[in-house]
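Please see the structure below; I have some questions.
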Amino acid sequence: MKFSVIGGDLRTINLAKMLADDKNEVYVFGMEKSEDIENDRKIIKCNTLERVIEKTSVIIGSIPFSRDNEEMYASFSENIIKIDDLVKNNYKEKSFGKVIDIMKQEELVVLNTIATAEGAIEVAIKNTDKIIHGSKVLILGFGRVAKEVAKKFDGISAKVTCAARKNTDLAWIKALGYEGVSINELGEDLKKYDIIINTVPQMIIDKEEMKYMKENILLIDLASTPGGINIEDAQKMNLKFVWALALPGKVAPVTSAEFIKDTIYNLIDLDL
Amino acid sequence: MKFSVIGGDLRTINLAKMLADDKNEVYVFGMEKSEDIENDRKIIKCNTLERVIEKTSVIIGSIPFSRDNEEMYASFSENIIKIDDLVKNNYKEKSFGKVIDIMKQEELVVLNTIATAEGAIEVAIKNTDKIIHGSKVLILGFGRVAKEVAKKFDGISAKVTCAARKNTDLAWIKALGYEGVSINELGEDLKKYDIIINTVPQMIIDKEEMKYMKENILLIDLASTPGGINIEDAQKMNLKFVWALALPGKVAPVTSAEFIKDTIYNLIDLDL
Amino acid sequence: MKFSVIGGDLRTINLAKMLADDKNEVYVFGMEKSEDIENDRKIIKCNTLERVIEKTSVIIGSIPFSRDNEEMYASFSENIIKIDDLVKNNYKEKSFGKVIDIMKQEELVVLNTIATAEGAIEVAIKNTDKIIHGSKVLILGFGRVAKEVAKKFDGISAKVTCAARKNTDLAWIKALGYEGVSINELGEDLKKYDIIINTVPQMIIDKEEMKYMKENILLIDLASTPGGINIEDAQKMNLKFVWALALPGKVAPVTSAEFIKDTIYNLIDLDL
Amino acid sequence: MKFSVIGGDLRTINLAKMLADDKNEVYVFGMEKSEDIENDRKIIKCNTLERVIEKTSVIIGSIPFSRDNEEMYASFSENIIKIDDLVKNNYKEKSFGKVIDIMKQEELVVLNTIATAEGAIEVAIKNTDKIIHGSKVLILGFGRVAKEVAKKFDGISAKVTCAARKNTDLAWIKALGYEGVSINELGEDLKKYDIIINTVPQMIIDKEEMKYMKENILLIDLASTPGGINIEDAQKMNLKFVWALALPGKVAPVTSAEFIKDTIYNLIDLDL
């Protein structure tokens, strides 16, 4: 098959290389500063956005797509690639056929929780001066990321408590061997935790809750903007806080690229 | 509060006792052969179905409800309790207010997977002459029961493979650390498994698949009627087969009663 | 190589078959009631003790060896095989070359802990009416059996506490993620456990400790005679007690035979 | 009780503070650059080595003790503290009563394996661009550090293989659920591993083994000088290598101090 890949970070670099290794015909633009790409003879480098788009019928946009909703993200390029130009050339439902947000494909979201959980462990080990083993970890939420984070912290012998709203989630928390608490009843009990990890993209923790916490608590927020932990309150109260975003691209770009590739293949399979 | 409990097995016996211990007013019928109930002064024994029904507004039917859809199940009673009589007295949406199948409450279904998984482990240890540790176990399906069964077998160091249909399930199987295979592609590979556990209530395994299996394989079916493994084929081919149904009531009647009690309380809470 | 195998239980039966499957020349005596042996053409059946001994230079005695120190154990035979006859024929250090108690080889003792731990899990599930998941389990001692039992119960989400004497053992208990208590300080705290498993072959638990225990506690003794739990006291106090001995031969005779075979091969290797 | 603490790193700083928090009388020297110590009113700061030694009968030397066998290690001091001066003042078996190398106390060595294993996980996550989950990890040796490292990597779903020499160790490796290989037979099979972690303080891996490895392998050496992996060979062959020493003091100085404190208390208990 033929693929075009535009800009992005280490994940799209690796993705392009893997697609080429699988004997696909691969066109790229917006990666000219990557030596890996430049030295890969199997990959065809295009000089313009027009070129890379016209070559193939499967166009893989930058990952992450954009920081400002104007320019496509491209950390290995000095080109400015305007989203508008992509649209102008081709970006209409009609001409593209289908626009799919790969990163939101359920399958890929699940696979990405692995790297997120490993990244959270790295953050926890690095930002504490105690062992994680035996420490009390509270995880807020029990969605996909939380399930994997709980499993990994349990796997290195942390004492894991998960906070959720629904009785079904609380039943799962019990069935998976963790302690469970109602997320609506977080109060004085917060004082027993050494690490609190938020996974809910909605404000849950601010000074009202922080006042109960240990002074050397570590707060980790894994939720995307606006996050679930009030940063300013954490700073005012001098609590250690890490907002750990986009971990898969940081801690495991090669695996992330593999998972993206598999997801793309599965999407194409389904479509044929 | 006031509760009526009718018939059932060890679970309703224990449930009645626990409700009474929690200072509820508890009326029972169809348990006269249980010494535990007879000796429990806090429980009020009724002589007829009419009596036990008229006393309270929360009536807990037999668990399991019925084997033949005519009589209510009551292993600790010599009374024949006809479902029709229950209906005649009261069994209309209008008069009962609400009819809820507790055993199908998501929360309870999840909690019951724990006892099911432990029961499956007991069955496996008992019915093999090898250790489970290191043995290759294939679990068919990746619903609620399968998730817990996989976790428990993994916990005692079996090598767990799960077979599922959907890419999202296969992603979860990977994220939880098991091997995954497509349930549509079960064939010659079946020869490597020592134990196969079905959780899908739909015929999946018959002689076509069995012909690939080890001759000393252990087949365990956890799915309710009609099950997913063809019994006759298993018998013809002389494969060891255990149809393990209703494990929670068998291996952990007290815990099951606790979970049912919690679920009832949660239902009443929600309703108020 | 040539091997003689005499009497024993399912383990020696399987051992003889496996040795034959590995293309060894195998002579047996004291297994005439086993159809498996009778139907196995590769195995040479001897009619007398003299015969089976004179044929080979590696003689594998019955497993278990004897119940009364007079007759060799042979559950698949109607012959009475006197230990004295074995000795008379050959049983002197000089003539045998070397006498090794296989079952005490460190390597085999360790491997046998796996089946013992699985057996203990089966006993626990079978003899309680609650789930093991989340139950509080106290393991007495932290030797080889205890280490494996702790791992398996932890693996199915029991809350494991181990009682040991030495600081080094208590350090290991902590490092492996369990709770630890000093075995010298067992007292009122005993009331919190649902299951207590002894692995120490020395009296540790009698009525002094039992008086603190839950009335529905399950006591499992895995230690050989005299065991570590006072049976009479347990009976007087009406506590549920299971003395689970020789589990590997019961729950996993085939695996046990494999491990014995591997150990024999390793011993012979070392010797050559 | 009274304690003197001299020099060292964050561990002795924390140790001094914890001893003081436990209401001991604590004298320190060689920590004047630590604000934590300076601001802790409970701790008595001495100006000279003589002073700190004469005050108490339990003297805790710097941890780590020395880098060059001439000066005591003291990262929070500008003083040069000569080991000879300690000796001159007091360092004779007779006058000290007893000299104990705390860091080699079995109990403490075991507890320190926890932080070492967590440090190894941090190193692995940080130095790979793939997830650790599902990756093939080979651990060389099966001593105390290896046992804990294996458990932690297994806990985050790596596929763990351990290489050992003795049959008993190989039996334990199997009983704990890992794959085992003979450390004497490392050869072509090395190509399947993504990460190799050495724990043996003896040269095991050089270019002979490296020639089989994946080009993007990560080599982690946890063994103290001389280590078990030839650094020069790794550099020549362009393999990623991390020599991760003294991890407990780096990743968990507070926990390490706690464990040292507990060990000191236990030693004193035993002695009284």
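Each chain gets a letter, A, B, C and D, in the order it is written, and its residues are counted from 1.
Simple rule for what comes next: a residue touches a chain if its C-beta (ideal position, glycine included) is under 8 Å from a C-beta of that chain, and two chains touch if they have at least 3 such contacts.
Only a predicted model underlies this, so the values are computations on that prediction, with no experimental measurement involved.
Considering the contact criterion stated above, the chains in touch with subunit C and with subunit D alike are A, B.
At the far end from subunit D, in terms of centres built from Cα atoms, lies B. The interface with the greater count of contacting C-beta pairs, when A-D is set against A-C, is A-D.
Rounded to whole angstrom units, the spacing between the C-alpha centres of subunit A and subunit D is 34.
Here the spacing of subunit A and subunit B, counted between their Cα centres, is 38 Å. Centre-to-centre, using mean CA coordinates, subunit A is 50 Å away from subunit C.
Of all residues in subunit B, those touching 2 or more other chains are 114, 133, 157, 174-175, 177, listed in ascending order. Residue ranges on subunit A touching subunit D, taken from their complex, read 10, 114-115, 118-119, 121-122, 125-126, 128-133, 152, 154-157, 251-255. Only residues 106-108, 110-111, 113-114, 148, 151, 167-168, 170-172, 174-177, 266 of subunit A touch subunit B when the two sit together in their complex.
Those residues of subunit B that touch subunit D in the shared complex are 133-134, 157, 174-175, 177.
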